[in-house]
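Inspection log for the structure reproduced underneath, given as structure tokens.
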Amino acid sequence: MSSAARPIATTRSAAGMPTGKLAVWWVIASEIVIFGGLLASYIMHRLAHDAWSAQAAHTNTWIGAFNTMVLLTSSLSAVLAHQAAERGDGPKAARLLYATVAGALTFLVVKAFEWSGEIGEGFTITSSTFWSFYYTAAGLHASHVIAGAILMLFVAADARRNLELHRVELIGIYWHFVDIVWIFLFPLLYIAK
Amino acid sequence: MAHAHATHHPINYIRVWFILVLLLIVSVAGPFLGIRWVTLLTAFGIACIKAVMVARNFMHINLEQRYISYVIITVLVFMLLFFAGVSPDVMKKEGSGWVKPSWKAAAAASSAAQGGAAHH
Amino acid sequence: MSWTPILARLVPEASSYARDLDLLFDLIFFLVGFWFLASLFTFFWLCWRFRRRDGQPAEYYDGSEWKLKRWVTYPHLLVLFCDVFIIVGAVKVWYDIKQYLPPAEQTVRVIAQQWAWTFVHPGADGQIDTADDIATLDELHLVVGTKYHFKLESRDVLHSFSIPAFRLKQDAVPGRVVTGWFEPTQTGTYDLQCVEICGIGHALMPAKAVIETKEEHAAWIASHSQVAIAATTPRASQE
Amino acid sequence: MAEHAAPHHHDEHAAHHEAGFVRTYLFSTDHKIIAMQYMFTGMAMGLIGAYFAYAFNMQLAFPGMDVPGFGVVSASRYNALVTNHGSIMIFWVAMPVLLAAYGNYLIPLMLGCDDMVFPRINRLSYQIFLLSAIVLVASFFVPGGGFAGAWTSYPPLSAKPEYGLTPLGSSMWLAAVALEFVAFLLGGINFITTAMNSRAPGMRLYDVPMVIWMIVVASILFMCSVGPLIAGAIMLLMDQNLGTAFFDPERGGDPILWQHLFWFFGHPEVYVVLLPTVGIVAEIITTFARKKLFAYRTVLYTVFGTGVLSFTVWAHHQFIAGIDPRMAHIFTITTLLISIPIAEMMFIYIATLYGGSIQFTTPMLWALAFIGEFLIGGVTGIFLGASGADVYFHDTYFVLAHFHYTFFPITIIGFYAGFTYWFPKMFGKMMDERLGKIHFWGTIIPFNMIFIPLFVLGAAGQHRRIYDYRNFPDLSQPWMWNTRHVIAAAVCTMLAFQAVFFINLAKSLIAGKKAPKNPWRANTLEWTAESPPPHGNWAELPRVYRGPYEYSVPGRKQDYWPQNEPA
């Protein structure tokens, strides 16, 4: 919304922080319980089924580690974009956001190859409940990566023209959350064997 | 306002990122020692450290209004509550007056040697 | 004692713990009933007493002053006090029915499926999972005054094994074998229901619990010894 | 979430005033219009739910009859009817009307701002909700018919078509529910953010009207509890359509897991719909008793207490579902503890009447009726929360009567209370008091005639979701059949009397007399705006000087003191 169209309500901040940022934090809170419910269910089953560690052995730690690396780096560029935006340097912020999007794309491409490999080896989503959880959890996370990347393109497009620079921080916060989710998915799905 | 704080004590983001990568390497290296508790520690202990680092240094949660941290902590507590309430049924193969034969059969079938890192 | 519990006036008490549950119901009924009537009476009285009348303005209270607030606080502490009794009673009854498991004199296997009950009774040898077991459809035969264990399982979806006259209810969960107990105390034939929705035929799973004397039961076994089928499920063998 | 707004929308909001009908009423971003959209969608769904209730109650009283206006209720149709009656009444009536409609309408008006903080998110939220409603209604007409596995949708029945025999219906039902959750997450975040950030200047936390507190707490409860069920819905959808086995024990899953995922949300959900109504009632009784709300802060603490406790009680819905019996003790204790804040809240409301000057207007009657009826719902809950007694009562009509004594006052009575109270503000016309009172008594009396007998039938062992009791000798005694006939008659009477409401609605909209700004002489800010408020609500946004309940302050000529009136 352009500031002209924005209701006066949006410009108030009785709670001591900008409305947009407040909303983003609430979004993150609601996302935590979604992933929390899924991962809690996974952990319970994992602890109950000794056999699953044998199946987890088929996941590729190196690919997982590489993707973690990619996301950490994209988080770095996101936070640097925020820094640039605070200094009022919209174009630079935009460039760094595009770098973050590039990171997201790398992540997704790697994931695509990883999954096609595993499916090729016969580990499909129905092979066992471990693999069901594996694809569901990673898939839910990937969908957040995609959503984040798309939103980031909008924000970057505005930022390039020095518009709505405060949104650079908002999308950044969301992106770091997606990063944190993966930080937990990595050991849960790849390392624990 | 968060930004104001942030500019007062600037964070060296590159350094934070570097530490995160180091931690990642440790967590990958952990399992090679083949000791379960080490693996658990390097896997999940470090995951928590990394998460906190990202939350503090990249999301600046510690510079936000206090209640933000409280909200996040509250939902995490609710998730623990959920786990505590559900695990007595879902995480077990048998309990007081009930048993899951198929789960026990599956466990028997899988050789104990393969008991994974996540196994209690 | 001469007092007949309220539930006992609606449904016969045909198991050893039915009376305890009915008394728990009465305890809650009277405690809660008192609070309900007290609040409702106060409520209606205030509505009538303070109805609008000309030249009589409403009074102004903040409600934080103790001399008024206590009229809310005292009752609310009393409610807490009553809750303690209810909790104690509830926990005790629950423990007796669900958690505590007395040694079994007989064991029956109850298998639910869409949409029928299979009951596996021990044959003449009094042992379950042997050749002379007697499997019946929708008819559970029990000996009065005997402590039974039931092993409850489901072949497809959730069902729920309920005998109102026993005050007993337990869901049958696929993938689980649930063990519980009951002791019939009254001969007769009682409804046996499935109380967890299990598909189109949910209403078509009525069964009977037939409670007989030792002699009648022996006769029944004799008459069925021919049709003894090894109706034990694969599940049974794994235990 | 503000990122959702795409650049090409820029001028839309500004160009709102001269926009045409479609822009103004269908794609508006104005919180009042969106509130109306939610309310009328909810009412339409409510009529469907009521129609279902009529059909299966006739079948219960006269098994096998050709129900007038519906036809023969077969076993499968019966299951589909009860399933969707429950789903509709909770997810597509209670939620949109109480939370979304009143939340959207009241939050900006009572907090003195011109709109929600994210008008476009708000519109998106309604559009997703509308889509979910359409998907649900469509699911009744697909091959195999609507979902018939009860509104709790327990697997494996709901997970495998060969068990439920509704291959499409179950997936569409689940998809509809998931969409609905997304809609309310968006809406809820909007509510919370608006209430936190956009209060009028001078409005301190304790000057916020109770209904706003309640709606916000409800939104937070919803947001914190729905997550696991969203995850569960994804898992169940995959079990249905991709052949995964999250809930199939033979392949390493566990059906009980779904029950936990469902009820971890399902119990807080009760309070999600309860709280807005309790707030509405607070506004109404203070206005018509001309009294300050008794112990404002204590009410607030009971709300927070209830909210936190509501996350610790969920498994009391599963006592006999095969959970470990030892857990039942914990959940019994927490469940009975939650009776304490609720009891205190009810005591306080009753205490508020003390020393008042009570006008029995239609809204007041509804509000008082809520207190009376909800008391019954509350006390009967104790029987079910007590694990020992629940062994007998679980899945009987006693449970059903209990939660209708909570949900009917919450949803229907709460809706009518709020609607008759704010109607002058919403439409700028007064409602007809005489018709209103006829409608009130015509609803309340049959309601009790339906559900009091159901407690007795439940105590006599009548179990739920059975389309024909003739198969059960113990449930076919003559007195039971007579009771069922009485109930069916009462259902028809109650539904018939709802016509009075719609007549009143139409009559008042067309020929009702013009409503002044503040017909009830109330304090809160919405009454200082025009009736109905224009886009933007106020020419100049108000400033707040005092709490919302300063009625009959000694030494003042007027018996009310608007929040925005300088001292």
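Letters A, B, C and D mark the chains as written, and numbering starts fresh at 1 in each.
The definition used in the following text is that a contact is a pair of C-beta atoms (placed from the backbone, for glycine too) under 8 Å apart; a residue touches a chain by one contact, two chains touch by 3 or more.
Computed from a predicted model, the values in this text were never measured in an experiment.
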Check: interface with higher C-beta contact count, A-D vs C-D, is C-D
Cα centroid separation, chain A vs chain D, in Å, comes to 34
Note: chain D sits from chain C at a C-alpha centroid distance in Å of 31
Taking each chain's mean CA coordinate, chain A and chain C are separated, in whole Å, by 49
When centres are defined as mean Cα positions, the distance from chain B to chain C in whole Å is 42
Where chain D touches two or more other chains simultaneously, the residues are 224-225, 228, 249-250, 252, 254, 256-257, 264, 322, 325-326
Chain B residues touching 2+ other chains are 75, 78, 82, 86, 90, 92, 96-98, 100, 102-103, 106
By the touch definition above, chain A meets two or more other chains at residues 15, 17, 26, 29, 32-33, 36-37, 40-41, 44-45, 49
Checked against the stated definition, the touching pairs are A-B, A-D, B-C, B-D, C-D
Per the touch rule above, chain C residues touching chain D in the complex are 6-7, 10-11, 20-21, 24-25, 28-29, 32-33, 35-36, 39-40, 42-43, 46-47, 50-53, 56-64, 68-69, 71-72, 75-76, 79-80, 83, 86-87, 89-95, 97-99, 114, 156-158, 160, 162, 164-165, 167-171, 173-176, 178, 190-191, 193, 195-204, 206
In the complex, the residues of chain B that touch chain A are 1-3, 6-7, 13-14, 16-17, 20-21, 24, 27-28, 30-31, 39-40, 42-44, 46-47, 50-51, 54-55, 57-59, 64-65, 67-68, 71-72, 75-76, 78-79, 82-83, 86-87, 90-93, 103, 106-107, 109-110, 112, 114-120
The answer for chain D against chain B in the complex is residues 224-225, 228, 249-250, 252, 254, 256-257, 260, 264, 311-312, 314-315, 322-327, 331
Seen from chain C, its contact residues with chain B in the complex are 98-99, 101, 175-180, 235, 238-239
Contacts from chain D onto chain C in the complex sit at residues 75-76, 78-79, 148-150, 154, 156-157, 163-165, 248-250, 254-256, 289-298, 319-322, 325-326, 328-329, 332-333, 336-337, 339-340, 343-344, 346-348, 350-360, 368, 371-372, 375-376, 379-380, 382-383, 385-389, 391-392, 394-396, 456, 459-461, 463-468, 471-475, 551-554, 559
